[in-house]
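Please go over the structures that come below.
The two complexes that follow have chain A in common; it is paired with chain B in the first and with chain C in the second.
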Partner chain A sequence: MLMISPRMASGMQEKQYTPSLLSFFIYNPKFGPREGEEEKKILFYHPIEIEKNEKIRNVGLCEAIVQFTRTFCPTKPAKSLHTQKNRQFFHEPEENYWMVMVVRNPMVEKPNKDGKPPTVEYQEEEIIDSVYGSVLQQCYSMYKLFNGTFSRAFEAGGVELLTQKLEKFFYRYLQTLHLQSCDLLDVFGGISFFPLDKMTYLKIQSFVNRVEESLSLVKYTAFLYNDQLIWSGLEQDDMRILYKYLTTSLFPRHTEPELAGRDSPLRPEVAGNLLHYGRFLTGPANLKDPDAKFRFPRIYVNTEDSYEELHLIVYKAMSAAVCFMVNVAVDLNREFCEQLDSLVGPQLTLLASDICEQYNINRRTSGPEKEPQFKFIYFNHMNLAEKSTIHMRKTASVSLTSVHSDLMKILGDINCDFARVDEDEEIIVKAMTDYWVVGKKSDQRELYVILNQKNANLIEVNEEVKRLCATQFNNIFFLD
Partner chain B sequence: MHRSDNRGSWEFQPEDTLIEKTGKFPSSLAQANLNGQKKAGSAVDVPSLAYRNEDIMSESWRQHRKHVFVLSEAGKPIYSRYGNEEALASTMGVMMALVSFVQAGGNMIRSIFSDEHTVVFLQKGPLVFVSVSATRQSEQQLRSELLHVYHQIVSMLTQASINRIFERRKNFDLRRLLFGSEKVLDGLLDVMDSDPSFMLSAVQCLPLPSSSRDTLSHILQKAVTPNLVFSFLIANNRLVSVVQEKTVLEDARLKPSDLHLLFNLIRASSAFQAGEIWTPICLPLFNHDCYFYAYVAYLDPPECTVCLVLLSTDKEAFYALAECKRKIEEAFASQNALQWVTNTPLYYVGDIGVANLKHFLYKPSKVLDHHRQLPQFTCPEMEVAYRSQEERIHLLDLYRNMHNRIHSTSRPLKLIYHSAGKETLLAWVTSKFEMFACFTPLITKKSAISELTKLLRWIKKEEERLFICQLPKYSSAPQPGRSSTDRGRSDRPDTSDTGLLSLL
Partner chain C sequence: MYDEYYLELSENPVQFENASSVNNVFFDEANKQVFAVRSGGATGVVVKGPDDKSSVAFRMDDKGEVKCIKFSLGNKILAVQRTTKSVDFMNFIPDYPHLEFSHECKTKNASILGFCWTNWNEIVFVTDQGIEFYQVLPDKRTLKLLKSQSINVNWYMYCPETAVLLLSTTVQGNVLQPFAFKTATMSKMSKFEIELPAVPKPAKLSLSERDIAMATIYDQLYVMYLKHHSRTTNSPGAEVVLYHLPREGTCKKSHVLKLNTTGKFALNVVDNLVVVHHQSSQTSLIYDIKLRELDGALNVHQPVLPAQSINPYKIPHSGPAAAPSQAPVPCELYSSSWSVFQPDIIISASEGYLWYLQVKLQPTLNLLQDKGKLMDFLLRRRDCKMVILSVCSQMLTGGDKGNLSVVATVFDKLNQVYKEYLDAEQAYTAAMESGPSRSSTSYKRPVRTQAVIDQSDMYTHVLSDFTEKKGVKHKFIIAVLMEYIRSLNQFQIPVQHYLYELVIKTLVQHNLFYMLHQFLQYHVLSDSKPLACLLLSLESTYPPAHQLSLDMLKRLSTANDEIVEVLLSKQQVLGALRFIRSVGAHDNVSARKFLDAARQTNDTMLFYTIFRFFEQRNMRLRGNPGFNQGEHCEEHVAYFKQVYGENALMKQATA
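Then we have the complex of A and B:
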């Protein structure tokens, strides 16, 4: 992506290019072990226009690098390759299946006089490995959520089926990657939880129990409000990737029409059912139309042990959304959907307005917003709970941060330093711009605070953060 | 107050040879001793020689903290820190293939990262340097270490001759010229691990009252001869005094990196222990294409802790320089000056009166002239907690990590305060200085600030003793007989005088 930053005189502009995807490929060396068979190793390659021999060479380089690093540590081979112009990230999600993502380094193009081509300067220190490494891992998780594992696909239909699935998924998914705005939150891959009082939480729990009892076909349920999770019956790793899919793909697709004006053609067909506001986000868009065909997306969970393939039903009423997961063996017909609609619709509508009311009461009693003045990011490794007052409107396309990207990179650096040891630590830095950044790690939780207090000293900064911890985090962090 | 007990704090002793990450003490190596006697103050070559034949297939070879490989562009092995480089020929071939492959795409390979290791590549002319490190040092620091290895090779051969050799014959085996010099590179790699001078790009001086230092410098200043460019007085790896030719001083051409390489070369060659030594040496940052001729002699045999090094551009100057040394010795003897050097107290953190401070590094910025001309730093002797080689390296690793963050090219910082399990660390860069400090782990921020303030006050008070505050030049121009108009240029090493080069 190109960002123009105008500089001084003579209309000469320095152009700043952000990191971008150069190529992405998946290979398995076992599929083409002999000379002359190299092409067989390649299961997916983007961009597709690249000449065959070059693809083979690039894959060969990756194999050589992995092999070389195995000389020194057989069990922990290469994770990334740094070159002047780009970075390559390696991930082996299943034995012998390798995924490689090549990201072009950010660069600055400086114009030259006299019609000479502009000088390109690569900025080699900008990209943080842990961030993009996590993005690559997430590519696999997302693929696996909708397609199951590579090995199962290979078992079911050989290389042909596998390559077909990879092509179909990644061709679209890669277009949704926005590498210029990846940051620390990608490392966490966390879930934003909706803050609730005990009463309302119990109401939701009993709602889920009731529905699961009545619709015995439902295996797992997840309950969200306002793009935030309240309850989930899924394993953590499955929920975190499903959450990402819901909040960055499914929900945004459906909110835009909702926000459209009354007479806009985008407005969804309100089924004319005045009893409730519930509707399907996956499956039948309009229950009233008997001829409309529909199907539910399939997801794969618990791939390490029970390996389950499920229908994903997402049903929404106002700001509350419920996911019901049913075994694929079951045929979800119109009858079932109508049953679900009449059972869940009214209850969910009621629940949604209850939550809304309770939420407003809580906000009023907790007093004026103390939060906004603190820019922080919090993550709990145990339950994957994540909270950021720095990111705004994280959608499929862009997550805007209210702080300079250099500060976000400093957070990334501190996170890397934390990852080196298992102990509780605290790192406080003062940046060149006189912003203070405080990182605290305690007992599986991480907190990052950015303070714009140019004339503060270390002690004052410490006091500020202590206040934040006391009000927001109930003294989870104990360091002085 | 503690007497300097014949050991520089950054030297490692024959007894505490490297304890690897595996914790295995190479006991079989500790017994062997080439010369049959232990010499204090010398780098240990013996263990390195034993590593020459280490089995490269073994687990222990893989587990070394840091491998360094040097090869030619043709993929020919030149040096390996551990293991026989010939046995590593195919591994080196792979490294070269990786470099070439990326180059063929109009790109340059920089590094490879895995969970346990960082592999860093550096190409300088026809030579390729690769570091495989389990230390988690940053890419930039590992690359700068490789650059030092390159410069050490240049200090022995000069860049011009290296380039010319490979231009004529791409397949040349540089080991023929470096035979016997492996221990110089081994010594360099060992000292870089545990000596902060490299990280700080600065020189550590021997603390000495300025009056004493001035007297010593004065004696060196007067011992001149034509073509003499540098006179160094070194004690236990610390600089006592340096006198320079006038324009060299004014142009600040003496770089700490060159000095480190010079010290290493002297230290690593056990031949330098006895009598006088006369050897060519190139200072790569000063001029990478020609040799100086170094006269080296210890002024206090048999302890051999105080070393005089005179660098001249004239390869016939041996007797003239020997005469300079005699004059210096005489002048020292008349004032018993050598005692000042050997008896000067080094300082410990305890001497400063800051209870929770365990160690620090302090480097003044280049604002003052003498620091611009010769970047210096000071640090206390190691306390009990950091006496062993392994602990020293661990502390230095902590400093290195902060140094890397605070001097990041992309997002530099002004201050880092890091509270961790075993220590609390501080790194601070201001316009006047940069410093790194290590405190006990449970210190409060208030105490840390107050101790830091005390420390800075102490340093200010002791400034004249801790640093060389005046860099002297020779008393009379060392070039009688040359016209004054020539002086500017003729004081530089003569580029046509290539000495060893003419033999190639």
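Then we have the complex of A and C:
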């Protein structure tokens, strides 16, 4: 399929507004079914300043839309509502619990010469449903990771507890949503895996198994290096959201002190006669501190069946981070933390330097890193493996891309096309800016390539992508 | 308690007539024969060897008291010493004259201390003034002197295994002069001095032959010196000092075995272990000179195991004529009438028994808590295989905490030995292939000792049972399997498919598909066709297995046919065709196979495409779009005509 993407000519003194969050609310229609009790339905509403009646009106509208559209397709309720100024996203993560996110469309403000107020032009087509739909789902997953399900909270402490939890969580969480930089990667919600040779991987396995054996309290372990996953004892879906939390929230918060601490403030710990660089990212900041608190964040996993509540211990030595998950019934005290520190610290330090060494060897043998002619995003639905040369390193605030948002938009559109059909397909798009964008779908894998070749024709682009697959993906089965 | 005896006497001792006033008993260490000489030989000499073949009975004239009697190697010639001046000989070779002949030592005024056979026809006389090395000429009934050496000799000792003769010289007797013998040659080795605990004044003979023994341990000859506790020094007990006697070079003090007690001792060497018997406590200690002590000075050894008596032994019948109903009599162990010979022989002359001392490995399992040390110990023993395997089984089901690192240590030790053997085997094969003519003697096929525990041994005797065991946590099972695979990888030993199968089976049983997925992602389970097929079979329970399997087949690069089959079975006909074209094998595939698959999809457009593709192929290959008889595509051609009409068939290009 060949498409030519439309590209608007950019004006001169125009002011561009990126998409932003207008409101976000959670309601359950069953909580206030009678007239006059509508307010009871609302469990959370952002922004909080909105007047009560308006809240009720907005919730009522959403309810109505969902009810109305349900008559057309009872199994797939409405997911979004497009209007000129904004777009609303609906999500029902648990029965009767609805989450709604209203995003203001991006807009261009054009100044008018004769002192008139500027004309506002809404770009209602720039927002991709799947991207923001995924963002909304992620909001729920993240909430659930730290708070468990809505219904469990309701069962435990009624509406009061539930609203309390929602407010506590979303008040902070919504501030970290950066809607302007959401893109295809949010749709995938993938995991970046650290490339590693078999032997080093087996050493890590061995390390994890031994630690789990000697600290029998540890139920699950996850191992990361350079913010990339190597091993997860958690199931895939739980790991997916935990990974998101670690890489976009916890790790970035600790990068700064780490970089600064190379020389002075963070001294290596001495356990026995072994030097180590291990430290807790959650829990006690400093074990030596007599007032250290041994409180760890709690997470909820396997909520579908066993519904486990766990302490999340994140321990890091150099670039290697390990998450130990311990049943919440266990009281984690100083003794446990010291034991963990002295057991894991030296081993992890050693392992981290092993991995680093191995990684450098592999990099050297694979030749010097050249900036390739193309940029790509790869995603595998089976193991959630994701690889992007488009995105810069993620930071706490924004994920930076190295390509123009128009190209990202094309990627999103291709992805939507892929989602519609089951079969393998390939889409090649010539963008206005001399870029070629190629999307390939083979079985459960998707690959998006952006090529910058000015006068290339379709055949050459096709050949180029074939070459890319042969060099970058020669060890997987990828139909061409 | 029974289980703790780690030493035992051989079950079938050599029986002989016990020593008495009329029956003298001699033992020859070289042939391991016991001579029972009745009345100086007149009423018979009965020779009992380790097997029936070496047992002989004969008569000889009583020409005086026998001091020493020995056969040459292979029972060819008998030598008897009756006086201090001469040795008498008797041919036992068929067709040779049976008459005795005698030979006097050539040194005047010397008295013969004894003699030893170094070959079937070579003998050394040891006198107080030196040694005389002769060749016996049985047909001529004379001896020919090959070589002699003058030296003052206090006593001598001979090690038949290495043909090394040791002479005690000097007044104190502590300077030992070894000689090595080899067909018709005798070479003097460098002498060495045994350090005495105290130097007596005036000087007198202080080193007794009772305190010296020679034995080969780990293929090296050692002189073992039993250094008694001396009151003047502060040593807490006696010790055995080992002097390494190399073929060439000087003899060096190499190991010290701490006995931690005093009293009367005797030494044996069994399975490369030094066994020290302590008479007063009626116990024995064993030492392994290769076992490094964690603390303390290098090469100072403590007993491997706690002191223990030899397993109590019951003599089945009291004498050869005993009635079968008679109850077995307990044998007195550590009796003062026992004589101990190297390397592993214990003789009770008064009871008429010769035993071989044996080490039982099974009890060491419970006696040696440190599994790593235990493994080191066992790997060097002869009949160790089953014991090692039972150690492995035991440690896996023992359920001790911190077990996994022990398991890892044990696996590493096993695989180190396994790897050494594989390397040796490979080097041998390579040497054979490069040309057997060249130095074929220097390349001996490596011997596979029992210590080589390969993957199939582990699988059959340890791992497969262990994974089936009830009550073992699956987490631990998987950890153990991964640990074994890690260890194999660490020693670069290719992992056998059945181990992977075991891992997969265990993971699948516990629904740990995500774990499996991760292992495959990091290629921990190496690619192979069988593994890919196994994955394919998992697809119904775990759909991603399909992708994993295809990836694996792709990486194998020899499995293109399999990939096509998989894709066709999924009705991905076009995908299969594109794949086969991408690997350049589309000229050789069966058209019928693809057409069959295309027909099954009931997608006429797809069928048209596939059909056309093959018509074009035919055209390109043979210049004719039609299918050959052998391709069996008639049915599909008919179908094509039926759907699209005859005119739709590709026309032959008119040249």
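In the analysis below, the second predicted complex is superposed on the first by the 443 of 480 C-alpha atoms of A that agree within 3 Å, B and C clash if a C-alpha of one lies under 4 Å from a C-alpha of the other, contacts with A are read in each partner's own complex, and residues count from 1 in each chain.
In this text, a contact is a pair of C-beta atoms (placed from the backbone, for glycine too) under 8 Å apart; a residue touches a chain by one contact, two chains touch by 3 or more.
In this text, all values refer to a predicted model and were calculated from it rather than measured experimentally.
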Three-chain arrangement built on chain A, chain B and chain C clash or fit: fit
Which of chain B and chain C A:S306 touches, first, second, both or neither: neither
Contacts of A:N455 with chain B and chain C, given as first, second, both or neither: neither
Touching partner for A:F193 - first (chain B), second (chain C), both, neither: second
First, second, both or neither for A:Q236, with chain B first and chain C second: second
First (chain B), second (chain C), both or neither touched by A:S216: second
Partner chain(s) touched by A:N383 [first = chain B, second = chain C, both, neither]: second
Partner chain in contact with A:D443 - chain B first, chain C second, else both or neither: second
Which of chain B and chain C A:K203 touches, first, second, both or neither: second
First (chain B), second (chain C), both or neither touched by A:I65: first
After the two structures are overlaid on chain A, angle v-u-w for chain B, chain A, chain C in degrees (C-alpha centres, nearest 10): 120
Minimum distance between Cα atoms of chain B and chain C in the superposition (Å): 6
Chain C-contacting residues of chain A that also contact chain B: 424, 479-480
Sites on chain C touched by chain A in the complex: 401-405, 408, 475-476, 478-479, 482-483, 485-486, 489-490, 514-515, 517-518, 521-524, 544, 546-548, 550-551, 553-555, 563, 572, 575, 578-579, 582
Residue numbers on chain B that touch chain A, as the complex places them: 62, 67, 91, 94-95, 97-98, 101-102, 106-117, 119, 132, 136, 139, 401, 405, 408-421, 444-446, 448-449
List of chain A residues in touch with chain B within their complex: 57, 61, 64-65, 67-69, 71-73, 76-86, 123-126, 129, 406, 409-410, 413, 417, 420-421, 423-432, 434, 457-459, 462, 479-480
Chain C contact footprint on chain A (complex, rising order): 193, 196, 198-199, 201-203, 205-206, 209-210, 212-214, 216, 230-233, 235-236, 380, 382-383, 385, 424, 443-445, 475-477, 479-480
